[in-house]
Each structure stands twice: as C-alpha cells, then as structure tokens.
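Just so it is clear, A, B, C and D label the chains in written order, and each chain counts residues from 1 on its own.
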Amino acid sequence: MPSLFVLTPFLLLVVVNLPFKFLRKQIALWPAVGGMLVAQVVFSTFYPLNIGRGIADPFEQFFMFGLSLDSLSSIMLLIIGIVAFVSVLVASSMISEERQVFHFLNLILISVIGMNTTVLISDIFSLYVFVEITALAVFVLIAMEKGKFAIEGTFKYLILSAVASVFMLTAIAFFLMAVGSTSFAAIKDAFASNSSDAFLLKLGTGLFLCGLLIKCGVVPFHGWVPDAYSAAPASVSVLLAGVVTKVSGVYVLLRLFGTVFILNAALQNTLLLVGIISICFAAFASLTQTDFKRMLAYSSISQVGYIVLALGAATPLAFVGAVFHFFNHAIFKSLLFVNAASLEKRLGTTDMDKIGGMGSKMKVTSATSLIGLLSTAGIPPLSGFWSKLIIIIALFSAGRPVYAVIALLASALTLAYFLSLERKVFFGKVVASPAAETKASFGITFSEVLLAAITVAAGLGFAFILNTWLLPLKEIVH
Amino acid sequence: MEKQLILFLIVMLPVAGAFFLPVVGRFSEAVRNRLAFLLVAASFVLSLTLLPSVLNNQVITISQNLPLGFNFILTADALAVFMAMVSSFISAIIIVYSFTYISHYENRGEYYLMVVLFLGAMMGLVFSGSLILLYVFWEITGITSWRLIGFFREKQHVLRADKAFLMTVFGALLMLIGFIRLYVETGSFDLQVIKEAVKIHPLSGLTVALIMAGILSKSATLPLHTWLPDAGVAPSPVTALLHAAVLVKIGVYVFARLFVVTMPLDIPWMNVIAIIAAASALVSAGAALIDTDLKRIIAYSTISQIGFIFLGFTVSNEIGVAGSLLYILMHGLAKAGLFLCAGIIEQNTKTKDITKLGGLMYTMPVTALSFLFCSFSVMGIPPFGGFFAKYMVIAGTLQAGHLAIAFVFLFGAVLTILYLFRVFNMVFMGDVGSSSAKEGSPSMVFCVALFAVLSLLGGILISYPNNMIAIVIKQMITGSIPT
Amino acid sequence: MSADLSQLFGHFMIAIILLFIIGAYCILASFNMVRILIGLEILIKAATLLIILAGYICGRTALAQTIVITLIVIEIVVMVVASGVTLWAFRNNESIDPRKLSELKG
Amino acid sequence: MSIDIILLFCLVLAAIWTVMTVRLIHSIIGLALTSVLLSALMYRLASPLAAVFELSVCAGLISVIFLVTVSFTQRVSKEEMPARRKERFVRFWGLLFIVAVAGLLLILFFKAPQFQLPPPAGEQNVRDVLWNLRHLDMLGQVIVLLAGALGVAVFFKEHKK
C-alpha cells in the first residue's frame, strides 16, 4: 500500500513524458494530475479508518523500498494531496501556454513524489534524497517565469537550502559513523542504548537541527522565506507555503526529533527558544509589511514557531498539538495564498497600499480570507484555535508556563496584523487598479471555498481528526 | 430526553440558522427578515418551555465526551434559563426594530447573519457547562460584534471595530490562560468537576485575576472599558444589542456563573471587585456628564450601571444577588429602549450631537415619552423596574456591612439622574433645532414604546420577576454556599 | 586498531573542518554567484569525504559508496539548476553580483 | 599513513587556491583539482567505485557546467583585472589567517584519541547494496535526473526562441 503513493505519481510522470502528442493536450493533463491527487486524498483519508489496510501491496515483492505508513504519514499524505490539488487548480486558471503547462505539471508531479516519499521513508539518507528532489522541483517552479524577483528568490532559497543540505549530510555521516546504518530503527536503538558514541550522536543531532531550522525557515534562518514566497508565481507559492517547506522542513523535524532522536534538556531548550523567538519576531515583522504575500510569509514563520515550540515541550500531547497545527496551518495558509492569487489575478499586484475596498467586489475572496485569518489568529471555533490550545495546554503540563503565556498572547499580535490587512485590502475605499479587471476564475473560487470549508470543518469536527489521526500518534512518540 | 432536545435547539437553531439567512436573502428580503425574527423568537419560546421544569429545581444537561476533555456540555439551570430568556426576548424586539432601520443600508444579509449568530452564541455561552465551550461562544460573540461595529465600512468605524475586537480578544486570552491553569490543576474543563475540585483545593489568586481580566474586558469595566463608547459608531440596533441587552452582560453572567455559582470567591477578592466596580461606576458617570455625543453618553451610562450589577454579585447575600439579576433584566429593557430611541433620533436628524438637538418633544412625542420612561427606569425612580433593582443591590451592600461602598454607589445613582436629565433636557426640551425631524417608522416606534411600557410594567408587576428570581437565587446560593 | 583508526579520524577531521571553513568563507565573502556555487561545491566535497570516512571507520564502505554515488548525482543536478538560475540572473541584470540582486528588493 | 596526510594537505591547499585565485577559470580548475585529490583519498579509503564517480562526474562534468556558465556570464574587460585582483586579495586575506589558526587548533585538539570507534563489520559488495538494498535511492536518482532535465529545458532551451 505505501509504495502506491510513490509509484502512482511516478507512473503518471512517465506517461506524461511519453512522446505521444495527444497525451500532452491540456484536456488530458489537468484531469489526470488532479484526479491522481484526489485519489491520494481519498486513500489517505480512508487508510486510518481501517478500510484500506486489507489491500496487499503487490509492489512490495519487487521493490525493497522500506516505506512505512503510520498515522503521521497518512495525515501528511492527506495534506500533500489537498494542497497540491489546490495548487494545480489555481495554476489551471493562471497558466495557459502549452509548454509551461507541461513543465508545470511535470515539476508538480516530481515534487509530489518527493514529498510523498519523504513522509513514508524510514531511512535517513533516502530522506535527504527525496527532500532534495522536492526542493529541486520547487526551485525550477519558482524560477519558471524568470522575472527578476523570481530569480533572486530562487537563488537565495537555493543557496540556503543547499547549505542546509550540507548540514544534514554531515549529520548523516556522523550517524553512519556511530551507528553503522542509516535506518531510523538503528539510529533510534543507538540513542536508546546510550552507547559510547553518544558524542557523535549529539553532534549529528545538533547539525541536523541546524539544517532543518534553515529548511523550516524559523527565525535566525528565516531570510529566504519572504523572498521565496513572494517571488514565486501564485500557484507555486500556494504549494511552497502550504506543503513544500512544511514537509521538507517541519515534517522531518517532527519525525526525527519527535520519534527517532531522544532530546536532551539542552536541545529542548533550544527548540523552545527558537520557537518562541520565531513566534514573536515574525509577528512583529509582519506588522510592518506592505505586501500581502510577504505578510503571509512572516505569518507563516510565526506559525511554524508554534510547531517548533511544541516539539520543544517533548511530550506526546505536545506532539499531537504540533501535528494538528501542522495540518491546520497547511490548510489555512494555502487558503490565504489562494486569496493572494485571486487578488493578483484581478488587480495585478499584491501591494496592500495599492489595494482597497475589495470586500464588496470579491465577496468569496473576502469571506474566505476572513476565515483563514481568524483561524490563523486562533479564534474559536475555527481549526487554528484547537491546535494552539492543545499546544499551550501541553506546554503548561510540561511545566513551561512562561512559554505558554507568551505563545498565547502572541495570538493577539497575529490578530492585530491580520486586522490591519483586512482593513487595508477589503474595507475602505476602492482604489482604482491599472490592470484589467477580470472575473475570478472557477478554479480559484472553488479552491477558496474548499479550503475554507476544510478549515471550518476541522474546527467544528476537531474531535474526529483527533481521534482518527492524532491521538494514535501518542504511541509512536517516545 | 425531550427537554434535552429543546435545550439543544435553543442554541443550535440561531447558530446554524444564521448561516442560511444571507442565502435566503438572495431570493426574498422579507422572508429573510421574518426568518431571522423567527429564529430568535424560537429561542425565547423554547427557553420559556424549559422554565417550569427548571423552576422545579431540575437541571437539564446534554453531555458529549470529546477527546482531551474538550467535552461538549450544555447545562440548563434556573440562572441560565433566566438569562437566556432576558437576552433572547430583547434581541427579538431589536430584530423587529431593525426591519426598517437597516432596510436602506448595504450588506443587510451580513447584518442579519451576524445578529442572529450573536444571539445564538449568547445562548450557547449561557448554557455551556464547560469552560472551553464557554470560551468558544465567547469569542464568537467577539467576532460578530466586530463585524457589526464596523458595519458601515468607513475607515474610522473599522478602526474602532478592530480596537474593540483586539481589546476583548486580549482579555479573553488572559481568561483562557486562567482556564488552562484550572484545567491543568483539575484535569477538566467541566464546571461540575471543577466545582468539586475547588472545594478541596482553593483557587490560586493568579487564576482568578486572569479570568477577571477577561470578564472586565468583555463587560467594559474600568481599566478595559474604552472600547465601548467608541463602539457607538455601529448601527443603533447593534449598539442596543451589544451594550444593553447582551454583550456586556456576558461578562457579568460569566462572573455569576464562575465566581458565585461554581467556585465562590473569598471575601477579600469580592471587596476588590466591588471597589473596581465602584470606581468604574463613578468615572464613567462623570464621563457621561460631560460628553456631548448621545450614543456615547448612553454607552458610558451602561459602563456605570454594570458597576451596580457587579456590586450585587460581590456582596454574596441573597438580596444583593437577587438585585443584580433583576438589574440585568431591567437595565436590559431600559437601556435597549434608550439606544433604540437614540437610533430613531440619529436617523431622522442625522446627528448625534446633543448640543445641536432640541425640542424634539414636539416632533416625535412617542419617542420622547419612551425615552423618558426608560430613563426613569435607569435612574431608579419608583415605580419603574430599575428602582427595585437598584434598591435591592444597595440594600444587599448595606446588609453585608459595606457602608462606604454603598455610599459611593448612591452617589453614582445621583449622577445617573443628573446626566440623564441633562440629555433629556437638551434633546427633547427647548427650541426646535432641526425642523426636518419627524417620528420614526411605526415598527420602530412600536419597539421603543414596548420597551418603555415594559420598564414601567416591570416595576408595577415586580412580584412576577421577583418570584422567579427568588427560585433562581435559591438554586444558586444553596449550590454555592454550603450551610 | 582502535587507536590507529582514531588517529586516522583525527587527521581527516582536521582537513574536513578546514574544507568547511574554506567553503563557508567563500560563500560569505564572494561577490560573484559562480563563486558562491564553487564555495558550495567545496562544502559538499567535505561532506562527501566525511561520509566515505564514516563508511571506512564503521566498516560499511559499500553503504557509504552507494550513498556517495547518489549524492553525486543529486549534486550535479543541483549545480545544473543553480547555473541556470545564475544565467538568468545575468540576463535580467547584466551582472552576477549578488549584491545587485539584493538592492532590487528594497 | 604518510601518503594520506600528503593528499589531505594537498586537498586543503587546492581548496584554498580555488577560493583565493582571481580568475574564475582558475577557480574552476582548482575545484576540479580538489575533486581529483578527493577521489584519490576515496580510493585510499577503500571506496574505489565512488572514487571513479567522483573523478568522472565532479571533476569532469561539473567543471564543464561551470565553464559554460562562466562563458555566458563573464564579461570582465582586461582593464578591470588589476582592480579586481586587489579587491580579491584584500577580501581573502582573512581566510588564510583563519585557516592557519583553525588548523593549528584542530591539530592540537585531535592529538589525543577522543573516540571509541566500533570495529569494522563484515564487508558487502557495492553492487549488492546499490541494486538490492537501496531501491529507493535508485528511484530517487532517476527522478532527480528527470528534474534536472526539466531544469535544463526551462532554463537553457527557451533561449533559442
């Protein structure tokens, strides 16, 4: 079963690249990729409900992939499916040139393969390989239009990501040296056995953490995030902000530091500190932004801070909260980036000083952005509230009340900058825009409504999500 | 079983129904308006049907266990039903008033959505039996009032709406910290569990202070009161709803629910809160004396009266608490009437500045009379309802032996009389200021007159509410103070 | 044996750490995008050497070699993409000085 | 042991030259040289297959890529050269100093044996490992090459249009 999530997109990738003219027609390409992603969403939803478990994996005999599917992977697959689907939807209404469509879909497929494999893997080097594949596909995606900003954003992202990779490689080398293997199980055993190579393990953990913090884009290493997010084309920024940096940075952090490595006190404190600084610094930084997408990027840094903070608490409940926040954040941040795409398509800009009074003209965008913003700020009953609440309760229970209080009060800051955004963009006087005003496309409107619905549903039905995916996580956390 | 269904419907009808209103509004405005009224009225009628069993000392509970102790619990006891009836009744009349008031503005669909959702959230808050549910509904009222204050979309309005939202959310976050501390100490958000746990381990002062911060911010009491006068930019029915009937009473109600019923506070805490309430009452009464904006004056008056309600709860004897409950009812009726009058005046004269108004007595006599009646009730002049409430609160204070505080409040009451007479004098007496003024639409005037009449009847027929409150008190006090 | 390996490890570590310093310095101090990529290459070289060394020390040279082979394939593709980006940065700005890129942002 | 130390020394020197040299072409040649030395070290560390890969791909292919990039982008006139040289030397003097100090410190640090290293385990054939145990990495290589091909298509092909 797990290898299907890798092989299906791979087969599709091969088919798309076969030299038949009719296969390249847009009419065949969009539905194929979209359908594949919908299938992924459906399967990853049903799997934890015990429906898909009976199906034997026919490929397991031929390939020794060593993939494993647990509830953490399955919720990640769900997120990847949803966000990639939305990104494809948005792109379908923004890209029309045939060559570009072809490139875009190929790269999307590659990045989906990369992310799917990343979340299923149980070997630390293969993990690196697929994180790198995802990153590569995304570099090309961001730079695809080759504008000045796009190229600059890509270059910054590329260099920092490569430096992060070097950190991770060095760490992998130390693990190999200490353990003699690169599989998660062996590394976990080495941590548990407390052998004489403890120094090498510690060194590796520290280096890996550095690499991952760059990939996550949390505060001391956040320089590339706003550039890359705002430079990318609309559909790509949805993918990038929604899943790519989350899977290749935050997921790996969750997987390794939550379930494989054993955190000592110093590491916990580091994570807590990095988390809280990210939350506060990025929230303040976003207060001063004038570009919609850059503001969202800083908000993203701040929200990732919550996940890192929860990981620092190092309790199963905090881990549950972190994964829940991951899910919510992926959904509502994608929603907000789709809103930005909608504004960009309509007005040709995302500069908030040049936009105003769109509330009456773009009703769907306005309403759904409100849901996204309130959810980000953690206002109940939307989904963001529950995950933040769990994280904060976990911090309290773990005996870190100061961090909990700061994290909670930072939501007021989040609310403040989002209210100012809302005021500038959707209320106030209508500012005349130079670009021709076109009607919002079906693809964008549909994805806005879809993501907003998921946000509301996850808020009202948080119990279902907790019971299905998240509470079982407590077993895999040590 | 059936009672539980009713309880569920009281909350869910307006909450879920609200979202259909904009959809219905696309086809027919009239149907939407009536549906909005029906949803709110249904809440009132259904609460009324719960009354007999609740007065028989029954407690109706719906409980659904959810993971991590975030249980969904609705509890209907006498206090909750009383509060629900008061707010849903006032809201229903306000909706009738807004049929014509709001009919020539944009975004009507959003208006009805927010008002009905607000009422639904209020019902949920009143009946919620777990802290987390209470917090959820608390924030929903925050969201809806934010959109309602910024209803006219002008820059200044939106800024003030944001300010109100931020202040209440900040307070609510502090309160949430208090809730989480309780949760970590007792392992549950369930009020019943907490009630038992608190009997063994008394509350820590920090938790009380944090929760109080939330309550004070929502009920616009002294240190956190500035958002309320600014919120006067909202449409008048909204301000009536927010200030008088529902929003600020949330804080008072939660105070009663948590600190009178569930986990009674110590005497020193009660004294501190009484002093805060006294300061709040005096300062805002002073502000009301000098302000010239009609709606701001009434808003300051609300802050001042909220002080009285707090006072009644803090003395924690039967007569004081009964006075506070009566106060919630009477003040709600009278203050809603005042705001709706202000709405009529504002709409017909296009100004809220009382120095520019005058002589409206002759052009809008019914409104003038209603305003006077409602003012009498707020001032506490017998035989209006407000008199009995004020009398009982101060009597309770004296009975508890707080002579000084009672005097301060008496002074506050005198100030109330002063500033309300000043307003009445400047708006309705004297020369005819603007000639174009005329009486509002029939349905609006009817609503105003209804509130005025009810304020009077509430006083004359004081025995009916009083009997009911007596039962409520019995349940509250016997539940809270073990004898 | 153990002491021998340990000494070997020491010598190699000195060289590897120096390579890391050189590469990092090159990335930080260069005003040319191609030079930044060269610095990156040196960093990756150091990591490669470390992996091979690790394989040798723990006696899993086969594993280390497969890892390095995959790593080299990834490395070259990264460099191809990075060169493409550099090329377009030059076409957009007539310069491959990263300082000029940052000035554009404002 | 001694040849290893000489190779390591040369490796570091080559890297320094790569970074310090003024002309980009020299830099690229220096990088290739570094790769060659690295591959020799790999051979010494019982990893011949990886060494061959390093030699052919890194020393060969990457140099070619860089050369192509430089030939597209490098348009420095002859007159600018002396100024550039001066600028570079000023900028990189710090490197020499840092490397010297760090080298000394590291030599002192690693003098005493620090680590308890595990004894070498049984050896496996590279082909077996690559083809039988690490299918996922093979798949990864295929996909990475595809991504690279797309990158080439996006960045280099459009130019002809």
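Basically, a contact is a pair of C-beta atoms (placed from the backbone, for glycine too) under 8 Å apart; a residue touches a chain by one contact, two chains touch by 3 or more.
The structure presented is a predicted model; accordingly, all values stated were derived computationally and were not measured.
Peer 1: Can you identify the chain nearest the overall CA centroid, using each chain's own CA centroid?
Peer 2: A
Peer 1: Could you tell me the distance, in whole angstrom, between the mean C-alpha positions of subunit C and subunit D?
Peer 2: Distance between chain centres, rounded to whole Å: 6 Å.
Peer 1: Would you kindly tell me how far, in whole Å, the mean C-alpha position of subunit D lies from that of subunit A?
Peer 2: Roughly 32 Å, centre to centre.
Peer 1: Taking the mean of the CA coordinates per chain, how far is subunit B from subunit C in Å?
Peer 2: Comparing mean C-alpha positions, subunit C is 67 Å from subunit B.
Peer 1: Taking each chain's centre as its mean C-alpha position, how far apart are subunit B and subunit D in Å?
Peer 2: Here subunit B and subunit D have centroids separated by 73 Å.
Peer 1: Mark out which residues of subunit D touch at least two other chains, giving numbers and ranges.
Peer 2: Correct list: 114-118, 121, 133-134, 137, 140-141, 144, 147-148, 151, 154-155.
Peer 1: Among the residues of subunit C, which ones contact at least 2 other chains?
Peer 2: 48, 53, 55, 57-60, 63-64, 67, 70, 74, 77, 81, 84-86, 88
Peer 1: Residues of subunit A that touch two or more other chains: which are they?
Peer 2: Subunit A, residues with two or more chain partners: 125, 129, 132-133, 136, 139-140, 143, 146, 177, 180.
Peer 1: Strictly by the criterion at the top, what is the full list of touching chain pairs?
Peer 2: Result for touching pairs of chains: A-B, A-C, A-D, C-D.
Peer 1: Mind listing the subunit A positions that touch subunit C in their complex?
Peer 2: Per the stated touch rule, the residues are 125, 129, 132-133, 136, 139-140, 143, 146-149, 151-152, 154-155, 158-159, 162-163, 166, 169-170, 172-174, 176-182, 227.
Peer 1: For the complex, which residues does subunit D have touching subunit A?
Peer 2: 114-118, 121, 132-137, 139-141, 143-144, 146-148, 150-151, 153-155, 158
Peer 1: Which of the residues in subunit A come into contact with subunit B in the complex?
Peer 2: 317, 359-360, 374, 377, 379-381, 385-386, 389-390, 392-393, 396-397, 404-405, 408-409, 411-412, 415-416, 419-420, 423, 427-429, 462-463, 466-467, 471
Peer 1: Could you please specify the touching residues of subunit A with respect to subunit D in the complex?
Peer 2: Result: residues 6, 10, 13, 17, 63-67, 103, 106-107, 110, 113-114, 117, 121, 123, 125-126, 129-130, 132-133, 136-137, 139-140, 143-144, 146, 177, 180, 196-197, 199-200 of subunit A touch subunit D.
Peer 1: Residue numbers of subunit C touching subunit D in their complex, please.
Peer 2: Interface residues on the subunit C side: 1-3, 5-15, 17-19, 21-23, 25-26, 29, 32, 34-35, 37-39, 41-42, 45, 48-49, 52-53, 55-70, 72-77, 79-81, 83-88, 90, 96.
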